[in-house]
Every structure is written in C-alpha cells, then in structure tokens.
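By letter and in written order, the chains are A, B and C; residue numbering begins at 1 in each of them.
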Amino acid sequence: MPEFHRPSLKALVPIAALYILAGSFASANADAVPGITPTGILLGGTHPYSGPASAYGVIGKGIAAYFAYVNDRGGVNGRKITYKDQDDAYNPAQTVQIVKGLAEQDQVFAFFNTLGTPSNLAIRQYLNDQKIPQLFVATGATTWGADGVKYPYTLGFNPDYQAEATIFGKNIVAHQPDAKIAILYQNDDFGQDYVTGLQKGLGSKASQIVKMASYEVSDPDVRSQMATLQGSGADTLVIAATPKFAVGAMVALGQLSWKPTTYLTNVSASQTAMQAATKAGGAAATDGIISDAYTLDPTNATQANTAGMKLYRDILAKYGQGLDPNNGFILYGMAAAYTMVDTLQKAGKDLTRDKLMDAALHLNEKNPFLWPGVELQTSPSDHFTIREEQLIHYNNGVWEPAGSVIDARK
Amino acid sequence: MIYRSMDVINFAQGEMAVFTTFVAWQLMAQGMPLWAAFPVTIVISFVAAVALERTVIRPIERAPQLTIVIVTLGLLITFNGLSGWIWGYELKAFPSPFPTSPIRLGSVSFSSQDLGVIGVSLSALLLIYLFFARTKLGLAMRAAALYPSEARALGIPHGWMLALGWGLASVMGTLSGLMVAPIVFLDPNMMQSIVVYAFAAAVLGGIDSPLGAVVGGLTLGVALNLLGTYVDFIGTDLRLPVAFAIIVAVLVIRPSGLFGRPRLTRV
Amino acid sequence: MKTFALAAVVVAIVPWLLPQYIAFELAYAGAYAIAILGLVILTGRNGQISLGHGAFMAVGGYTVAIAATRGGWPPEAALLLAAVLCAFLGGIVGVVALRLSGAYLALATFALAVSVAPLLKRFKEVTGGSQGITLATAHAPGALAGVLASERWLYYETWLVAGVLFAASWFALQGRLGRALRALRDNEIAAVSFGINPVIYKTLAFAWSAAYAGIAGALIANATAYVSPDSYALQLSITLLIGAVLGGLGSMWGAIAGGVIVEFLPLWAQTINPAASSLIYGISLIVVMIAMPGGIAGGIQRVARTLSRPRGGSQPERT
C-alpha cells in the first residue's frame, strides 16, 4: 500500500485559531456603519443578467451610468457611490444567497432596485429582520406598498400594476360604460395583479368581463389565446403581457382583423415594441391603442427637448458607451437612481440606515426623468412611491398624451 | 439525424440555431440584403457545426452517452450566453421573406408567414429525404450511422460522416430559426419554448423516424391548441402538462414512439 | 471507513473556519449533493436517466412550506413527510417508466420538469400561486439558538442529513440490492434471466432517488425560507443531471463534488465577469467533461491509480 502522509488533525488547531482570531478582528469595529466610509457608500443590488428575464438586466446599466455621473460631480455629501449589482437569473434561491453574501461579506449599506417580485419576496423577511433597507425595488407588485407597516424597511418604486389596471378600469367605466371586456394576462403575480386591479377599477361593472385568457412565459406565442378572446365577442381588450407576448398579441389583432378598444400595460408600450408590432401586423395592429406612462420616453420626439431627456442623453453619451439610448429600461434605471441619490442626499452627512429609511419615507420629489406632472411621494403611512400615470394613445406611430395625469390613489 | 448516428440528442441544437439567426440579423443590420444574408448564414452554420464537431465532440466520441449529453448541455449554455453577451437581451424585430398580408380562402384567412414556413419546412424535409435516399454521400452517412464497423471497412471515414451529420442538422436548425424569428421575435431565449415542443414532437413521433418528427409535430400542435381552447378545465395554463401527459401515455403504449423502430439488442 | 471519518471531521470544522454566508452556501451544496446522490443511484447505478428530478425537489419544498405555514409543523417533521410523499410519487413515476428507456425516458421525465410550474400556479389556493409561500426564517432549535447562528445551523442540519443518507445508501448498495441494480443496468435481459425482478428494483430506484430529491428540496426551502414556481424551472432538473455526471456517476463521493460544483461554479463565474457568467459556466462544463469523461470522481480515481502504480518493484496493484 502506498505511503501517504495524512495531515495530522492536530495541525488544524492552530490554523483554526488563526481564522477565528482574524474573523474577530474584522468585526471588532462594530460602531462603524456597514457600507459607509468617509469617502464611499456601498450599495447592493440584483438584476437578471441571464435567464428568462434577462431583458431587464440593462436597467442595472442605466443605474451605473447615473451613479458614475453623480460620482464625477463629487458624489453625495462628499461620498462616491459604488453599486455592486449581481446576476440572480430571476431565481429566488439564487437571490437569497447573493443578498446574504452582499450583506454579510461585502457589508453593503443598503439594497437598491433589486428586481423581480419573487426575488424580492424571498429576501424581504431577512432584510427586514436585519434592518437593512430594501429600497425602490424594481417590480410593480402591490405588496410593497400595501404591506409597508409589516415590512418597514422595504419600499417600492414603480407604480403598482393594480394601480395601472385600476386606472384602465376607471377609464372604461367613464368612456365605455357598456363595454364587453376581455383580458389577456401573463399567468403570474404580474398578470394576476392586473386582473385584480381591473376588477377594482370597474367596480360594479366587473361582471362585464366576458373572457380571461392567460399564457405562460414558456409559451412560444399567444395566438390561440387571442383567437379565444376574439371568439367571446368582446369589444374591449386589456393586454397584461410582457413585451414579447404583447407584441404577439398586437400582431394577432391585425391578423384576426379584430378591432377592440385596446389597453396595453406600460411595461410593453415602448416604441421598440410598438414598431415591431406595426412592422409585423400593419398599422391595424397598433393604431389607437391606449396605454399609460410615468417615465419619459426616449423615442418620443415631442419630449426630446425636455430638460430630463437632454440630461439623459448627455449622461449616456459620457457614461453609457455601448448602451442604446432608445431603450426605455435604461431611462427607468436612471429615474430610480435619481431617487436613490435624492434620498441619500436628504439623509445627510451623518449616514445611518435608520436615517436613510427616514429620508425615504418623507419624499416629495420632482424627478426629471418622470413624465411631467407625475410626482413621487412617500410618507410613513403611505409606502406607495409613484401612483400617478399619464394616459397616452398611439396615433400614427407616435404616443400622444390623452387627458391629464391620473392619480390612482383617488 | 444526430440521434441516429450518435445515439445522442444534441441539446444545443436550439441555441446554435438562435446564434446563427443572430448572425443573419447582424449581416442584414450591416446592409446585406435578405436574399443574400440567408444563404450566407446557412453556409456559415454548416461550416461552423462541422468545425465544432471535429474539435469539441471528437475527443469524446467514445465516452459514455451521458458525458456527451453534458457536453451538449454545456454547448447550449455557452451559445445562449454568447448570444446574450454579444447581442444583448432586448427583443429584435426580424424581417421575413414572406409578405405580411393574409391570404383568404372563403371565410378563413391564413397568414402568409405561416404558409411560407410550412412550405419551406416541407421542402427542406423533402430535400433531406432525397439526399439520404438517393445520393451516394447520403448513403455513406447512413451506413456510417447504422453499421459503423462495416462502413469503416469500406473506407468511409466515420468521423467526417458524423461531422457532416452535425453540419446538416445545424443547417436545419438555422432554417427553423430564420423562419420562426419574424413570428416570435429575436432574442437569445427565442428557441427555448420551441425546443421543448420540438423535443416532445420528435419523441412522440419516434426519435429515429423523420416521418415521425413531422407527424409528431403536427399532432402536438393541433392537440395543444384544441385542448386549450375547447376544454375549459384545462384552459390555457394547463395545456403543457396535459399535452405531455398524453405523450407519456402514448409512449407507455408504444415505447418507441408512433413511428420509431424498437431497439433490438442482441442477447 | 477512514475516509468517511476524516470527511466527517472536515465537515464539522469547516463552518468555523469560513465566513457565515459561505456556510450558508455550503448548506445548499449539501442539499444538492443529496439530490445528486439520488441521481447517481438511479442513473449511475441503475442506468435510468431522469430529466425531471427538479419536480421532486418542488414537491419536497412545497410540502415543507405548506406543512410549516398552514399546519404549524416543525421543519424536521415536514422533512420526513416530504421524503415519504416523494418516495410514493417516485414509485408511481417508476412504474410508468418501466416501459421506457433512453430518449423516451428522458422525455417522460422532462415532461415532469416542465409541468411543475403550471401545476403549481394553477392550484394557487394551496400553493400560493406565483407569489409563492414565505416561511419563517430557520433557526437552531431551543437551547442551541444562542450559540449557533442560523446559517451555521442550516449547514449542520443539511450535512447531518446528508451524512445519514450517504451512509444508508452505502450500506444498502453493498449487498444484493446494489448488485441487482447494477445488473439491471448492464444487461436487463440477462439479469431477468437470473431471477432479478426488474419491476421491483427499477421502481425502487426511482422511489429512492425521488425521496432524496424531495429531502433536498425540503432542506433548500427551509434555508431560503421561500418557495415559488420560479425556483423549480426546468433549469433545476438539468442542473442536477449536470452535477451528477460532472461529479462522476460511478461513485457516491462524486455526488458531493457535484453538489459543490453546481452551487459554486455559477457564483464563481459571476465574479469573473457578471455579463458573461453563463458563457463561462458553459465553457467550464465542456472543458471539464472533455478532460474528465468520468466526471471528477472518475478523474480522481484515475489520478489515484496513476499515483499508486508501483515504481520499479512488483507490488500487486490495489483494486
């Protein structure tokens, strides 16, 4: 039998002692605020850079560009922001592990714009238990606002999907009281929030929803669902779908020669999507569609001269090489980053996590990247961040405002 | 084709197809007209697949089946990651060689796109069938797959036959990618839902029978749509599980698929 | 036996040498190792391929989640329930699988994996639908809670369960059971002619591996403190298979290597380049498989054999 030197177990003891000693030195400085040094702020985040939701990964890049811009101008109260953003592939188990690593190993100050409803649900309890701020999460689920009391360290950003659908519902009641309504929705929290919101907005007229059809993210297309919905005789359609499927739905409208009054979720209302639909399905597919907006639209020519749009393009020119300025997700990222910087600013020079939360819950902000008139407000009793939207309709290849900004709170 | 020659499914088929479709997109974005970009891409796809087989697959040709499976899975992940890294994940519109106006027959209208896709697929299958049945090279490939030792004895280079098989399979994949991209829009994850159904259809029809693949595909597609629309309990969300359950039931009755040949082993 | 004892010591010490969050990640590695061990038994030892074991992990995870939140069950008891339930379901799948092999079996199990998410969403009154279920954060029981942080507790719990299951498997496979499974894999017709009943053994292999996957799913659900359909996509079943083959289908130690790899390789790929992480992961897989077609365990065996080759003298080689 070959001789081999088995390491003596006794040798491990001094090694172990050294590790434990080293570890205790690292955490000896317990008074310092995690993630804060005299010159820097460390923020953590997760976005899906791979996997089924990877189209949203580009949001992280928009955030990075804005932070680079702010850092170059001296940072926030003299501190530069470092944003450690990692890929969780939209898998909640992965998100939990990454967040724990960022919180315990990297000692981030706070989490910002973590993306995805399941991902955020998975980390919410832990972050609230550890009293680590979970700010401006990138999802429109209603729970961030609705459960604010139970989870005081968590704050949303997007107008919630229910609010958007409620606005649609109210509009239907106001302008088409006898409508027969059909809805195409994604079979998950996003789609189902829509259904709930629509029913709320319709109120007593919710019974006028004649058909609901869902699809799975794993489906190749939604053509059979659209055929089913057309068969129900509805004259009003709500599309609660992510871009790939929304475009498919609009194209189907053209192919089926079906012309209901159509409401489209703002998640899929980018010019890229609309143009793709028009190209494949003809003008019939997209003309007259109603949606809503709360951020500026880089592809909207009428907004090109607003201060916010100019700032956006300037920042991208300098800090966002390789990024496509027409991608609305990037602008969304900047809008969120603006709010984060605003909150950090208001929290003052003497930064602690509690001070950050205090600032975050007393926001009354005019964000240059939001649609003019849309405001961002929070208060300790109102954890909803943005609840206003501007109705828009698609006319001859352009989104035009339709009426004034509507507040879903009312 | 790959299954027939190597007894292994190439899991990367879909992702390789997407990658080559992106290449076509890139060519057209740089100004190449559609009727030139498509053939060029097909040639690139063939050459690249042959090269891939010779470099990556050759070392493990004799390795256990599952090793090869993992390597093809690795290729799947690699190509998917590569497509995303180079071209990003935003949806891209993809031009179609067919007109967008629908064709009407009585009260039913068909999308020209759909008809075009069917037409192209059937032609491609016919060409492949003719290639295998009527040409010398096709015969050589079939020999190498079914009777490897005898074929070698006749001087047919086994390795290169496999490589050719990969090349042809890649071309078929690219073709399907080019046809499908205008409908579902181009992004790195475009083929994933389709591959699921393709795999199911292929196995349903019998994985070593080309006729089975076609029949399987049609049956599956029709069944899925009918089930979803007309059986309320199933609705649109349970289509997939129910369809798969039916397939499994069919397989239990006919373990080699509808048209597959049962494997005979010498005892 | 000596290796087992040494391994046990290493496992016991490790969480005190490393930061807490790595202990947490190692807990996941341990859970994956359990599921992969199931596959090593089913696919490696018994030759039946499965692309669907993620489904059993889902059953295990949701069993714990529902039992804990609706029934107030302690997680450990729920673990047992998950194992039993999955064994039962695995047995059913095993019976269906009796007629199938190769690509056809792969597809049937694949069907399981893709059906999980739609089914979970459909029965949302029970499963919480796409919002999932949130569990209470796991912590060490009673008196230990003061001494042991939750991450380290999870680590020990997972690796203790893993140790028990590994030992149990090792013993079970030593005797007739192990030989029967292997015989059925190598040549089913011959095995049957020797009187080995394929129905019993093949179904048993499925039930056994399903139970392990269920336990793994339960442990992970406990650690994550959250379950949702997104955690159980097709990707998971493929990851398990990758782990099994990469670790080495021939040996139980391979399952541990596999578990560690599928947990840490994606995390490592991210540190290299977050944008190209799946690219790096894919290439690593290919390179490792080409270099070591027998998986890591196979590679180590080859190296060990080379090292133990007699130099000069005529010592008999140890098998």
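The criterion applied here is as follows: a contact is a pair of C-beta atoms (placed from the backbone, for glycine too) under 8 Å apart; a residue touches a chain by one contact, two chains touch by 3 or more.
The shown structure was predicted, so the numbers you read here are calculated from the model rather than taken from an experiment.
Chemist: Could you tell me which shape the graph of touching chains takes: line, ring, star, complete or other?
Modeler: Contact pattern: complete, every chain touching every other.
Chemist: Relative to chain C, which chain has the most distant C-alpha mean position?
Modeler: Computed centres place A farthest from chain C.
Chemist: Could you give the separation in Å between the centres of chain A and chain C, each centre being the mean of its C-alpha atoms?
Modeler: Averaging C-alpha atoms per chain gives centres 35 Å apart.
Chemist: CA centre of chain B versus CA centre of chain C: separation in Å?
Modeler: 31
Chemist: Which positions in chain C touch two or more other chains at once?
Modeler: Answer for chain C, listing residues that touch two or more other chains: 114, 118, 121, 275, 277-278.
Chemist: When you check chain A against every other chain, which residues touch at least two of them?
Modeler: Residues 50-52, 187, 216, 218 of chain A touch two or more partner chains.
Chemist: Two-or-more-chain contact residues of chain B, please, as numbers and ranges.
Modeler: Only 80-81, 84, 196, 237, 240 qualify.
Chemist: Sort out for me which residues of chain A touch chain B in the complex.
Modeler: Where chain A meets chain B, its residues are 50-52, 54-55, 57-58, 187, 213-216, 218-221, 224-225, 227-228, 243-244, 247-248, 255, 257, 272-273, 275-276, 279-282, 324, 327, 329.
Chemist: Considering the complex alone, what residue numbers of chain C touch chain A?
Modeler: That would be residues 6, 9, 13, 16-21, 24-25, 28, 114, 117-118, 121, 129-132, 134, 137, 151, 220, 223-226, 228-231, 233, 235, 266-267, 270, 274-275, 277-278, 307-308, 318 of chain C.
Chemist: Looking at the complex, which residues from chain B come into contact with chain C?
Modeler: Counting only chain B, the residues touching chain C are 3, 7, 9, 56, 59-60, 63-64, 66-67, 69-71, 73-82, 84-85, 196, 199-200, 203, 207, 237-238, 240-241, 244-245, 247-248, 251-252, 255-257, 263, 265, 267.
Chemist: Which residues of chain A touch chain C once you look at their complex with the stated criterion?
Modeler: Against chain C, the touching part of chain A is residues 1-2, 6, 9, 12, 15-16, 19-20, 23, 49-52, 85-87, 89-94, 96-97, 100-101, 103-105, 117-118, 121-122, 124-126, 129, 143, 187-189, 192, 216, 218.
Chemist: If you look only at chain C, which of its residues touch chain B in the complex?
Modeler: Contacts found on chain C: 43, 49, 96, 99-104, 106-108, 110-111, 114-115, 118-119, 121-122, 189-190, 234, 238, 241-242, 245-246, 249, 275-286, 289-290, 293-294.
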